[in-house]
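Below is one structure. I have some questions about it.
Labels run A, B and C following the written order; every chain starts at residue 1.
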Amino acid sequence: MTEPLFTIPLWADLLGVGLGGVQGAMFASGFQGQRRLDWLGVAIIGIMIGMGGGLIRDILLGLPPATLHDNWYLVTATAAALFGMLLAGVFNRINTVIVVLDAVVIGMFGAFGASKAIAVGTPPVPAVFIGVCAAVGGGVLRDMLMGLPTAIMHVGSLYAVAAGAGCTFIVIANGLGMPITLAAIIGIVVTAVIRILAVSFDVSLPEQRRLYRRKVAAETGMIPIIKPSAE
Amino acid sequence: MTEPLFTIPLWADLLGVGLGGVQGAMFASGFQGQRRLDWLGVAIIGIMIGMGGGLIRDILLGLPPATLHDNWYLVTATAAALFGMLLAGVFNRINTVIVVLDAVVIGMFGAFGASKAIAVGTPPVPAVFIGVCAAVGGGVLRDMLMGLPTAIMHVGSLYAVAAGAGCTFIVIANGLGMPITLAAIIGIVVTAVIRILAVSFDVSLPEQRRLYRRKVAAETGMIPIIKPSAE
Amino acid sequence: MTEPLFTIPLWADLLGVGLGGVQGAMFASGFQGQRRLDWLGVAIIGIMIGMGGGLIRDILLGLPPATLHDNWYLVTATAAALFGMLLAGVFNRINTVIVVLDAVVIGMFGAFGASKAIAVGTPPVPAVFIGVCAAVGGGVLRDMLMGLPTAIMHVGSLYAVAAGAGCTFIVIANGLGMPITLAAIIGIVVTAVIRILAVSFDVSLPEQRRLYRRKVAAETGMIPIIKPSAE
């Protein structure tokens, strides 16, 4: 691997962080009733989803976390989370918005993870693995922090599959000579499309999803009114 | 940021680790009944609280964990935990001791986190963030390991707020030219005072605290006889 | 510490990863009924157990994770997990296989952790600590991801004790001049024998083990048909 060092443009990285923050806040504000999160809790979840994937990626790569070397990441994630909390009231029941946002966010985190891994010389198999961890890591952190059953193990397999397909595409296409930027863009589309199709055709293990909701409700006394998500 | 490299004096760092170990052990030994922790479990919790914040700080900064480059940290944390276990029988019902100890520990971890972040050139916003993570990180690790609902999300917002206020003071005051040692000391006081006032005037979301206790009792079959804490 | 840099031979490292993957898959496939894991879930658990200890070791040492600098680790862990899933049907009730496999895996991860820590100049006490974390870390990650009560805190003390004894032997023997390879081999035997004896003579806190099973069954609706394990 003698790639020239690839840098994710700041605007693209911040776009991912911002969309993740919005998505996290919409998830968090979906909890109603007794254990409704206050705005600080929502902001924490937003930061977790917006920045968690990038943190995990950099720790796995043995690099200092890029998102903590610049003021803008935290500012963006927090602002996006608060914005997402406002949006939640409006959009929370429009399932399509949630699903598409979710799919694009997974795609972006996966693509940034795999691209950065390739850029620093990671071999192909771990490059895909790091991409998948970056894609689903924020959601896993969120579930652990909130004491929810980790979605990735129970309803989220297809998140990992979608992210894995996109990241595998990026690694192979780049290995065959496709410029990394183009490969990353196509990889985002691959992941997002697989994810959206999976939801549309309901191949996401409905029994488990139902069990998940029931378990969340039983354990926490709150009903997730939006679809649980691994991202 | 062209700070001269700031090193936390070993004695101060060990003091924080030791107080954290005592505090962790007092929390852990508060569990009674069926699932009482044995002395090894108490020691693990003590190590987690005493050293967890520093570990998280260094991982977020991309530095090798300082607490694992010296024998004394683990020795101090373990000894403090065993000492705390003995103290627990005596002090566990004297709420003031617990509250003050807790507040000082959060303040110290937050101040060390923010100071070290500044020292290695972290920009202001992530420096505050790293300080807050260092302050509450040990408690989050403890709750995850013990399978408790993470206090930070449900009762602990005010921990994050108190730590955030202290760390913000440190970053701003140091940015305006105050020597880092003085700024850190004042920052510890700011965090500790906010925390103690919050408890005294009971602004720490009492309904949620009650819910938290009830949930812990329901899920684990044990009643936390000391106040749940995010640190 | 002026050890010549010790490298764990790739075959030994992959052997540990492979055995860990098999062990993880056998644990994961022990869950029956409603929340049976699909093959992807089993593979994730296998990767977690096979590679988690090494990841934690390298992060604590401040080194880039070795298991992500080579394609073979992930390939081995995944293949071993799928192989373990097949074996589970055959061997799952032969308790001896599980117990011995488990004991050897803990011993290997602990020994590799302590040896690598010594090799990079870690002082004795944290070197033992890092060995223990490497030994039990994969199991802790698994329990967190699966939303199980963390075995290490409730039934797993003796895992930590067994790993601690083996790692302490390695650090002391190597400090007294024994070649690290020999010390590591003896350390693996020490850990494995302690663990196997503990199970044979049932010194593993049976009441807690029973409570653990009951709690897992109550919380998750699934009964672990194999012994819960911290590794």
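In this text, contacts are C-beta pairs under 8 Å (C-beta built on N, C-alpha and C of every residue); 3 or more make two chains touch, one makes a residue touch a chain.
The model shown is predicted, which means the values in this text are computed figures rather than measured ones.
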Given that chain A and chain C are copies and touch, would you call their interface same or different according to whether over half of its residue numbers are shared?
different
So what angle, to the nearest 5 degrees, turns chain A so that its CA atoms land on those of chain B?
120
Per the centroid of Cα atoms for each chain, what is the distance between chain A and chain C, given in Å?
29
Of all residues in chain B, which are in touch with two or more distinct other chains?
59, 63, 144, 219
Per the touch rule above, chain C residues touching chain A in the complex are 34-35, 37-38, 40-41, 44, 55, 58-59, 63-65, 67-71, 73-75, 144-147, 219, 221
Chain A-facing residues of chain B, complex
59-63, 122-126, 129-130, 140, 144, 148-150, 152-154, 157, 160-161, 205, 208, 211, 215, 219
